[in-house]
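The following block contains the structure, expressed as structure tokens.
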Amino acid sequence: MLTVQNINLFYGAAQALRSVSLSANIGRVTCLLGRNGVGKTSLLRAICGLQPIASGSISLDGQDVSRLPPYDRARRGVALVPQGREIFPLLTVKENLETGFAPVSRDHKKVPDEVFELFPVLQSMLRRRGGDLSGGQQQQLAIGRALTMRPKLLVLDEPTEGIQPSVIKDIGRAITFLRQRGDMAILLVEQYLDFAHELADDFAVMDRGEIVMSGTRETFDTEAVRRHMTV
Amino acid sequence: MSMTEQRSTSALLYLSGVTVSFDGFKALNNLSLLVEPGEMRAIIGPNGAGKTTMMDVVTGKTRPDEGEVVFDGKADLTKLDEADIATLGIGRKFQKPTVFENHTVRDNLLLALAGLRSWYKLLLAAPTKAENNRLDEILSIIRMEPQQHMLAARLSHGQKQWLEIGMLLAQDPKLLLVDEPVAGMTDVETETTAQVLREINKTHSVVVVEHDMSFVRALGVKVTVLHEGSMLAEGTLDQVSADPRVVEVYLGR
Amino acid sequence: MITRFLWQGMGPSLRVAVLFVLAIGIILPLLNQLMPASNALYVPAWVLQLIGKYLCFASLALAVDLVWGFCGILTLGHAAFFALGGYCMGMYLMRQIGSRGQYGNPLLPDFMVFLNYKELPWFWHGFDQFWFAAIMIVLVPSLLALALGWFAFRSRVTGVYLSIITQAMTFALMLAFFRNDMGLGGNNGMTDFKDILGFSVQSDATRATLCFASALVLAIFLVISAAVVGSRFGKALTAVRDAESRMRFLGYRVEGYKLFVFVLSAAMAGIAGALYVPQVGIINPSEFSPGNSIEAVLWVAVGGRGTLIGPVIGAFLVNWGKTYLTGALPEVWLFALGALFIAVTLFLPKGVVGLWSQIRSRGTTRKAKVPA
Amino acid sequence: QGAPIKVGVLHSLSGTMAISETTLKDVMLMLIEEQNKKGGVLGRKLEAVVVDPASNWPLFAEKARELLQKEKVAAVFGCWTSVSRKSVLPVFEELNGILFYPVQYEGEESSRNVFYTGAAPNQQAIPAVDYLMNNEKVQRWVLAGTDYVYPRTTNKILEAYLKQKGVKQEDIMINYTPFGHSDWQSIVAEIKKFGSAGKKTAVVSTINGDANVPFYKELGNAGIKAKDIPVVAFSVGEEELAGIDTKPLLGHLAAWNYFQSVKNPSNEAFIKAWQTFTKNPKRVTNDPMEAHVIGFNMWIEAVKKAGTTDPDAVIDAMIGITVPNLSGGYSAMMPNHHITKPVLIGEIQGNGQFDTVWQTPGLVVAEEWSPYLPDSKDLIADWRKPMNCGNFNVVSGKCGGKGK
Amino acid sequence: MFFLRLLTGVSSALAVVLITATAWAADLQTLVTNLTTGGFGDREKAISELVASGEARAAPILEALAAGQLYVRKADNVVVIGKADGNKLALSEAVSGKPAGSGTEAELDRVRVNNRLRGVIEAAVGSLTLMSPDARVRRDAADSLFKRPDPTALGALDAAIAAEKDARIKTAFQEARAAVVLTSDASKQDKLAALEVVRDKGNRDALSVLQAAINSQSDPEVKAAATAAAASVRQTLAGWEAAQNVWYGISLGSVLLLAAIGLAITFGTMGVINMAHGEMVMLGAYTTFVVQDIIRTSFPHLFDASLLIALPLAFLVAGVVGIAIERGIIRFLYGRPLDTLLATWGLSLVLQQAVRSIFGPSNREVGAPAFMSGAFQLGQLTITYGRLWIVVFSLLVFATLILVLRKTPLGLYMRAVTQNRPMASAMGIRTPRVDALTFGLGSGIAGLAGVALSQIDNVSPNLGQGYIIDSFMVVVFGGVGNLFGTLVGATALGIVNKFLEPYAGAVLGKILVLVFIILFIQRRPRGLFALKGRSVE
């Protein structure tokens, strides 16, 4: 589904990504790990088109999308749950969800049932403004909103941040469910190692803007990873 | 009744019957809470339970519809504004990290540093050695010496979290309200943060909100569980974790 | 202590700027006074007058920048403080005319005579004394700023709401001053000044002195502003600009910070206005017009917001452009000016001053990329 | 053939006043072009120096200085509204320039360096009131104006005049509005109310500039017909009417010293030249334009008479110069630096023109100092030697106001 | 009884006509010639003589005179009536009414009238047209007689009253008769009765008649009764005055609303400090002018539809310009809202000067179509059609806009994009298109406002400048980002203004409104309808 090849990314003169390569496939969860400030978010933003890359390529289903604006990538099936939630504060919960209709075809303009199954709070708060929700509720809304886009590549940036344990478990189950349904690739950034470990089919570890380790669940070496995660 | 009154004098933070509603929705519902001097308290509870709102009430951001909020046995916080409350000695770290983006890390800490606050004093203030030492100290605690001259805008999410903790340290308040300090931190950093907080707790009172149970466990303090704006349970983490209601609404199976 | 305060903000580029402003203020008037008119270096008086005017505008721009650039208050009413200072000066100059007016009334200015005033309105008393006028020049704008700021900042009026309040204020003042009944000359305002401190306003020596005074004042303002923004106060101020409520949670009384800067800036604007009036020879209510305030903001934006040199450059550039273009391209100069504003926003996001750092940073990026 | 003689044109081409002043700039360009076709003056060509003071009063002074000191123009034609004139006045006096001011104004001024070719109040306002009183038997008066000096002074003079004619205070209503006032509903209603007192009522309007169009539109909509409550205006000319559908305004009045509709050969020639010059066969002419025509011709004559463009010589030569005006007579420059003018009362027609309904039998000499104001009734201006004074007090016999 | 009265009335009127007709027929020529000679005073006399003659031709001749259509042909000194017919005048002989060829203004001398003569003629024609078969004409005749009571018309009025079948016109006749009685030397009783009739009419004209009666009556009893009647009329009118002020306020509010509503989108929703907003309004007004100009020269019969044609065009013109501005300038400035102030200010200078160069600096004429001219009475409330339509129009625009923003996907995307542009883009919303459409919509609405404002204000390059400050005040006062706030804010400011104006005067009133805004914002620092909630902080 997604192939990232040798991308470099700069903030002004500072380089945040150095020749990063990564891929994510339908029906699999790819987990990206790393300490604070190593460039995980930068990588995800580059994939979604929110941050321009200096070189390298990003392709979806074999098509190069490196130069496409974010909305065109969204139309090709990329959905993002960003760090910091980025809810539309003045839109109601319902409207927030409905923004996800933009890239989908007419007959899919309906919020999928699994969103409300997963996050029953949202159902009860449809008319409340997104900005008034609590942090965790916003996080749930952000995930629901991404699912409304019926993505082929779901990109999640620390989706469990600020979420109560029971819902984290639900999210884990949901990710498992989505993986099993087999219609999307999932790219997950997570600091919460146990959670990542449970879900990941493939994983990659970043440090200082580079991928320093990668492999499949079978080769997942918790200790080695932990080493990269400490200073 | 007399019991509470008596305790209210000794408690550092005293909330009684606090209710906050937004357009009919009760975010806090008759909440009462006591924090003793020198105590560290963890507060957990489902998303939307009202934890952040409780902090908003204490720091003066939100006015309660009903109820009493007393600090240090004398100050009625419902009558004071944010700056007054901060001056009394209540510091806060926000759930969504908020730092001064156009200032360097060091200047962020300098602004937070306890002491000068009035405009005419700052106009003529010269940097002192003590202050600089203190800043260096904090920078090393939060491990941001390399970034100290970087603009805060360029920090990653987790680094901003650390900076906010550093600002809280610099502010040196009597009571620290810490909202989800370890969100977005690695497991190792989570442990470090717990250590830092325990260290602080030796001299300060702390209220921590967090969803990370391992972190709460590492703190090893009394836990209050909020639910739908009121207190659901209180006790050690093990005690509350065993409470079926807490499992039902919060921890999950 | 005070000298340390004053020196703390003086960076090298600012030192250059202050010296440059002073140099203009000294050399040009001297050339005017000492050179014979035939000499190539002779500076005619009208040039001095233009430079003097630009210097006053630069002071106004600096005042605007202090509140807008450093404190985040987009003021759309600073022309009001400028005009109030100007009116105080105008009243002094009017009283200096004495019985040389058209009607020869020793006490009442002409416009009062023909509007049938029998005696001097109360607020005109004292303005025959320069010291009194000088106090008023600072006091009147400051008090207005204090009153407005006191209420607005305490009620936490921010952003566009504050902008609109300042605009409403200047608009209301304009309408009020237009009224003939205000006793301040109505639409015609005050003109035909004769003397200032006993010297004829029309003599070249006076003009040279006024030009010098304007430069001196601007230089002083630059030093003061630099001291303020360079102090810890300045750091707090920019923090207030960026995240006001966060500052409150740190225990800062944000109102005090804003109020101090607002009042300081109003006083600066007032002084600038007072120097402006004898140089252009007229003060009239249209100085209060909201458009003037917006223009002052534009000077700052063109020069570079949030820097101290930017507003000075912006004020000079835009006003010199106006002077030049209204003479050279009278029919189409608005196209040129409008295009300038658009071009600056599009290509120089940090104003003309930003151009310098833009060039520099481009240099460094290139350098940084070379080894990679 | 010497170097060309520069003539300054100081009219706003942008900002609020551009609407009125741009036309005057065009007229000056036309006059200069025509004069050059005739071979210029003193054997030299004329050259227009146009600047744009942008409706900004300090800029007027600055540009005046630029014209006089940098461009060294021989004379300046310019300004509109008293404040612009007052702003440049000290500059002209200091640098000894010559200014021709073409617009009606409130009087109370006479400068050696300014020639006032527009009307003084007695050349416009008073005859208009006389006309209404005598021909339309008006007994009740609304004096409506924009709140600035010209309306204030004019109304003051009119008030004194009306009272002298026996009109009672209660039959005079005075109303002021801000510049650019655009919502006239209440005021029109008030006028209507004032008019329903069983006495014939008229409105004397000194409403300025842009505010007139909405005012007349509201009048028309509210159904106030000229035969019920006529409005006589001093600032509404053909140019202003060009922006309004005048059919509902039929019969409302204006007082000027010139109308485009005046029929005589010199006017017809002027209109033709103007429409050719602007390449617009519908372009209208108006009173201030005529004032510039008169002023310009007078200046040419004076330069010829003096044989030089030297200001002092020209200023002295100006007095007594007589040139044809476009209303079919001659206007003369008087010693008070104002000119003699006929006063015409015109009714608005459906085609946006005025139809002269009444005219002063002869020419009216300007009273620059109003006899109806206590402090100026003793003043006169006479710039001939030996008096050479703009505010001579005839009681004390001294120059300079009270002349103490 | 009724028949009898009717009969006598008709016959006496007939008699009057017959007698006078025979007596003076020969002299019509002289009478008409008299009309064309002498000064205004002589002319007035000639008019009353002509009326007294009772000639059937008198009415058309006098009407032509009042309308300025009576001429003397220079060539042969024949008095003719000239009616516009293309560029020429179709002539007919005044005395006989026979066609007399055509001519131009230059070949004819117009017979001048002034306002006073027009009034005299109107009253005279009034008494001559009381029996007209056209009900409107009879009504007008009654009205003009009421306003200008003429004692000689008493007989004709009586006859007309007797003959009248329409109850409302009959009342009007009776009121006119009462007014006439008051000016005649009728008996005290008659006058007292007449006073009652006039009092019951109860409007401004009635007050005027009563005031005149107070001034002219000598009998103390009549005078006292007139004073009492006037007082009672004044009292009724005072009650209506408040209603009138509210209406003025609403109509001023609707103008403010129209001017501000586009800004509520470009500024309120998108956050662009759009100083060129006024120029968009101006573009709309100039579009109206161009449309009317084309219609006038090429399709005159469409004139009444000109505004309807102009509306979509103005929307398009301003909208397209808006889109061009967004694509060319604004889109580089998102995230730098303050810079938009600078750029749009520059833009407004350019647009103003461009319009000045193309259309000239002076005002352009935009006419009112028939349905927007004139006024009607609602009780004692005078409501002008123009204002009424503007109120209706502004509400329509407002409602449509609310629908678009609230109920369409485009509206949703607009709001999403302006709240968080990158995230909206990541959600698959084509942000550039939405941005352009939003700015275009705001500008287009400003263009619509221009069409409406062209009806009440100058169409000049300065048009926009006059509204920009008010628009910003309204949007901010109402609460930025809240359309309802804009609606309520505009109406509130309008009404406050109109209640202050009669007491404080227009100038002070405006100052007070500004002070009121300043104080109000202290109370509600985020406007009338502040956005509440955590996200606002």
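For reference, chains read A, B, C, D and E in written order, and residue numbers begin at 1 within each chain.
Just so it is clear, contacts are C-beta pairs under 8 Å (C-beta built on N, C-alpha and C of every residue); 3 or more make two chains touch, one makes a residue touch a chain.
Fair warning: this is a prediction, and the values are worked out from it, not measured in the lab.
**Student:** I'd like the most central chain, judged by C-alpha centroids against the all-protein C-alpha centroid.
**Tutor:** Of the chains present, the most centrally placed is C.
**Student:** In terms of C-beta pairs in contact, which of B-C and C-E ranks higher?
**Tutor:** C-E
**Student:** Averaging over Cα atoms per chain, report the distance between chain A and chain D in Å.
**Tutor:** 75
**Student:** Centre to centre, by mean C-alpha position, how many angstrom separate chain A and chain E?
**Tutor:** The separation of the two C-alpha centroids amounts to 62 Å.
**Student:** Centroid from C-alpha atoms only, then distance chain D to chain E, rounded to Å. What do you get?
**Tutor:** Roughly 30 Å, centre to centre.
**Student:** Which chain B residues sit where two or more other chains touch them?
**Tutor:** 22, 61
**Student:** Going by the touch rule set out above, which residues of chain D reach two or more other chains?
**Tutor:** 13-14, 147, 176, 178 - these are the residues of chain D that touch more than one other chain.
**Student:** Could you list the positions in chain C whose residues touch two or more of the other chains?
**Tutor:** Expected reply: 175, 178-179, 245, 331, 334.
**Student:** Touching chain A in the complex: which residues of chain E?
**Tutor:** It is residues 409, 412-413, 415-416, 419-420, 422-432, 481, 531, 533-536 of chain E that touch chain A.
**Student:** Could you list, by residue number, the parts of chain B that touch chain A in their complex?
**Tutor:** So the residues of chain B in touch with chain A come to 22, 25, 44-49, 51-53, 95-96, 143, 154-159, 161-162, 180, 183-189, 211-213, 249-253.
**Student:** Give the list of chain C residues in touch with chain E in this complex.
**Tutor:** 74, 148, 151-152, 155-158, 160-161, 163-165, 167-169, 171-172, 175-176, 178-179, 245, 290, 294, 297-298, 301-302, 305, 331-332, 334-335, 337-342, 344-346, 349
**Student:** Can you list the chain E residues touching chain C in their complex?
**Tutor:** Against chain C, chain E makes touches at 273, 275, 329, 332-333, 336, 338-343, 345-350, 352-354, 357, 469, 472-473, 476-477, 480, 507-508, 510-511, 514-515, 517-518, 521-523, 525-527, 537.
**Student:** Which part of chain B faces chain C closely enough to touch in the complex?
**Tutor:** 59, 61, 81-83, 86-87, 91-92, 98-103, 107, 110-112, 116-120, 122-127, 167, 171
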